[in-house]
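Below you'll find the structures, each written out as structure tokens.
Look for chain A in each of the two complexes below; its partner is chain B in the first and chain C in the second.
And then the complex of A and B:
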């Protein structure tokens, strides 16, 4: 192998890639991030900003999220930047008895998994969030849910990892992997070859293409989410909210009967940012890499939104955008080394959990590389579940 | 969501949009024009001054009179004008998202789209620039000429282009006092005839000066000016304090390009035209087939050229739909192009002409490249 350019090459400059590179730098490794466009231009730059443990699958998934949240609590101090971290609590409002029932059942599993949640009837819910519609059935409350600004997180990781001696190359596209004796030793890019001991695939929605270069068929697909943004207003909602329908769509898609919901896969998700704008989302559509917004999608989000938060009718929408979420069929990300592909590590496929799982993913991948073993068991997320046995 | 269909949908009922509508509807096309304002005519109804140029360009006629004529012509042409209707998005397959006057949400499917959204005023930041009383010169002009409200009693105007000069004069006509016109460049930007009127009225035009800051407790109480050296840096010690309750900014305009960006049109950056402008051909068609542009969105010029560009787009779109024969369209276009060419002469016109030629040359370059790649996707 020619001269090493870094200890570890991380492909992808989003909230996962920068977290991994930062955690490696903290442990004395030199990382090189190779990003096709610019930092935070993929999913991390076109998503919501909440961290909601109550929407995770009880078990390993929830466990990992709780570990990540512990890290988020310390992150602003550690990085020395304002990340707009805000533990405001979260609700899961339910529009009908079915979703209330599903959310209630899920609440039991969440509590068994160590998460503090509480089911509330509509009156109790509205004592917290008086602007929500009285026609709803009730809601689940999760006091530990929080919010963060993903742009600030990525930029702060980037600043800190550079301070520690690691590097970032933007506008550089990886076109192939470089091999030596059956081991991945670097990447071929449109700006030349780069070598390192390890190559980490943190390219989210584009993770399948990079994995294919390594010979792994990773079932990661881009799932489009359209989001609308309102003008800044005074505080309308105090917490983050994702409807119970979100849970039904995520874990019980077979129970959806409405054609439009089946097609657009929407569920009401809403948050108000620090500067007063409200983000309302979002659709869940498989459209390849088509990043446009659609009239149908926007209208659907707004009409669903008004059902939950009637005051939306009188607000102005100032912007709409869409982003891709890296969807994986079994709902879990792919994190870790791959059998038969030494030197190659996956860290992609977080779907809607990239923001939430960023700190823990960075920490565990760095531990795997530096110490050979992560401090938290993540066998459930191993990409080996998709390796075809010969 | 309600559905609506049209041959041609036009965004903006200003000089360019109305002229496009008249041409297309007279040719027989089914035309609908949307405008977010409550009155049509765009900027024309604020323009109480007489236009320049030749008789063909209605020289000597006041802007609002041209507007009234256009409205009559639109009515006769049969084009439908929907006011108080916001086109908030341009989507795939020539679909417009519209929140109309009746507050319903419409999906408008059109065979051709003409974006004539106009331009907006540039802003400048300096200490105190967010105080009430700091406003665009265009806003002040709307207040006096449309709403009949005086924005202030004693005004400082920043910018000596035609907008700054004309609005200063109109503010005086409306009863305000103009304390000074301030210009950063070493020479006056606009026509000598406008500057002369102001000078004769006793208003100083301070070239080589800029705004250092605006002060005031709750609103503007005064403006501190400073002189600039040849490197455009403020010279310490040259500050002067001018008492005023309003500062108008006439520091240029930039095209309202949002819908063209959303449609996926290719752009180029030409400072002489106000910034990013969409590429277009001689028919005003952009790189997105079926999407045309006209007026200030294609590069900031004047109402006269906006009207000609509008006509061009209207003729081209109607011809593309078969409402005009090739010969008819060619004859009409030739006539418009001749007038447009005349407008882009003289000291100010030549610069714009060169910029417009560059814009269209880039379009030709773009078309050549995409043709090589197998045509526009």
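And then the complex of A and C:
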């Protein structure tokens, strides 16, 4: 192998790639991030900003989210930047008895999994969020839910990892992997060859293409989510909210009669950012890499939004945007080394959990590389579940 | 050239100064979207209608790129702020 350019090459400069590179740098390794466009340009730059443990599957998934939230709490001080971390609590409002019932059942599992949540009737819910519609049935409350600014997190990781001696190359596209004796030893890019002991694939929605270069068929697909942004306003909602309808769509799709919801739906979700704009979402659509926003999608979000929060009718939309979520059919990301492909590590496929799981993913991948194994068992995330047995 | 006031506002909606934009370029921004992500310039009520050209010009000056090569920000609907009730009413009319 020619001279090493870094200890680890991380492909992808989003909230996963920068987190991994930062955690490696903290442990004394030199990382080199290779990013096709600019930092925070893919999913991390076009998403929501909330971290909601109550929407995670109780058990392993929830446990990891809680570990990640602990890390976020310490991160502002550690990185020395304001990341707009804000523990404001979250609600899961329910528009009908069925969703209230499903959310109530899920609440029991969440509590058994160690998460503090409480079911509230509509009056109690509206004592917290008086602008919500009185026609709703009730809501689940989760006091530990929080919000973070993904742009600030990515840029802060970037600043800090550079201070620690690691590097970032933007505008640089990986076109192939480089091999030596059956081991991945670097990447071929449009700006030349780069060598390292390990290559990490943190390219989210584009993870399947890079994995294919390594000979791994990773079933990661882009799933489009459209979101609308309002003008800045005084506080309309104090918490983040994701409707319980999401559970109905997920677990009882046969109960959904509205064609549009079947096609686009994921329920209603909303958050108000520090500067007063409100983000309302979102759709879930398989459209390849088409990043447009559509009138149908926007209308769907607005009609759902107005049902839950009638005051939205008098507010202005200033922008719509869409982003891809890296969807994996079994709902779990691919994190870790791959059997038969030494030197290559996957860290992609977080779908809607990239922001939430960024700190813990960075930490665990860095531990795998530096210490040989992660401090938290993530065998369930192993990409080996997709390795075809010869 | 006269000395430039670094505190001059480039993006009025989000109160982003020339100094903040130059700092973002120094940190690696090379496109209008890159400036936006790092400073919020162009994220306000007017969605960059006032500042986008200025931001392009500053990037061109600082990075030596030709203005025509600088990637513009992604344009998204609506062109002007629109009441949600109007969109909802259209559908249900």
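One rule holds for everything that comes next: the second predicted complex is superposed on the first by the 383 of 390 C-alpha atoms of A that agree within 3 Å, B and C clash if a C-alpha of one lies under 4 Å from a C-alpha of the other, contacts with A are read in each partner's own complex, and residues count from 1 in each chain.
Assume a residue touches a chain if its C-beta (ideal position, glycine included) is under 8 Å from a C-beta of that chain, and two chains touch if they have at least 3 such contacts.
Treat the numbers as computed from the prediction; the structure is a model and nothing was measured.
With both structures placed on the common chain, the touch criterion links A:64 to neither chain B nor chain C.
Using the contact criterion defined above for the overlaid structures, shared-chain residue A:20 touches neither chain B nor chain C, since it reaches no partner.
With both structures placed on the common chain, the touch criterion links A:155 to chain C but leaves chain B unconnected.
When both complexes are overlaid on chain A, the residue A:45 reaches chain C alone and has no touch with chain B.
Contact with both chain B and chain C is seen for A:298 once the two complexes are overlaid on the shared chain. Set side by side, chain B and chain C differ in how many residues of chain A they touch, and the one touching more is C.
When the two structures are aligned on the shared chain, A:184 is found in touch with neither chain B nor chain C. Put simply, chain A uses residues 293, 298-299, 317, 320 to touch chain B in one complex and chain C in the other. Residues 292-296, 298-299, 317, 320 of chain A are the ones touching chain B in the complex. By the touch criterion given at the top, residues 14, 27-31, 33-34, 37-38, 40, 44-45, 47, 74, 76-78, 81-85, 87-88, 90-92 of chain C touch chain A in their complex.
Within the complex formed with chain A, the chain B residues making contact are 1, 88-89, 91-92, 95, 97, 105, 107.
Across the complex, chain A meets chain C through its residues 38-41, 45, 151, 155, 158-159, 168, 170-171, 230-232, 275, 293, 298-299, 302-303, 305-306, 312-321.
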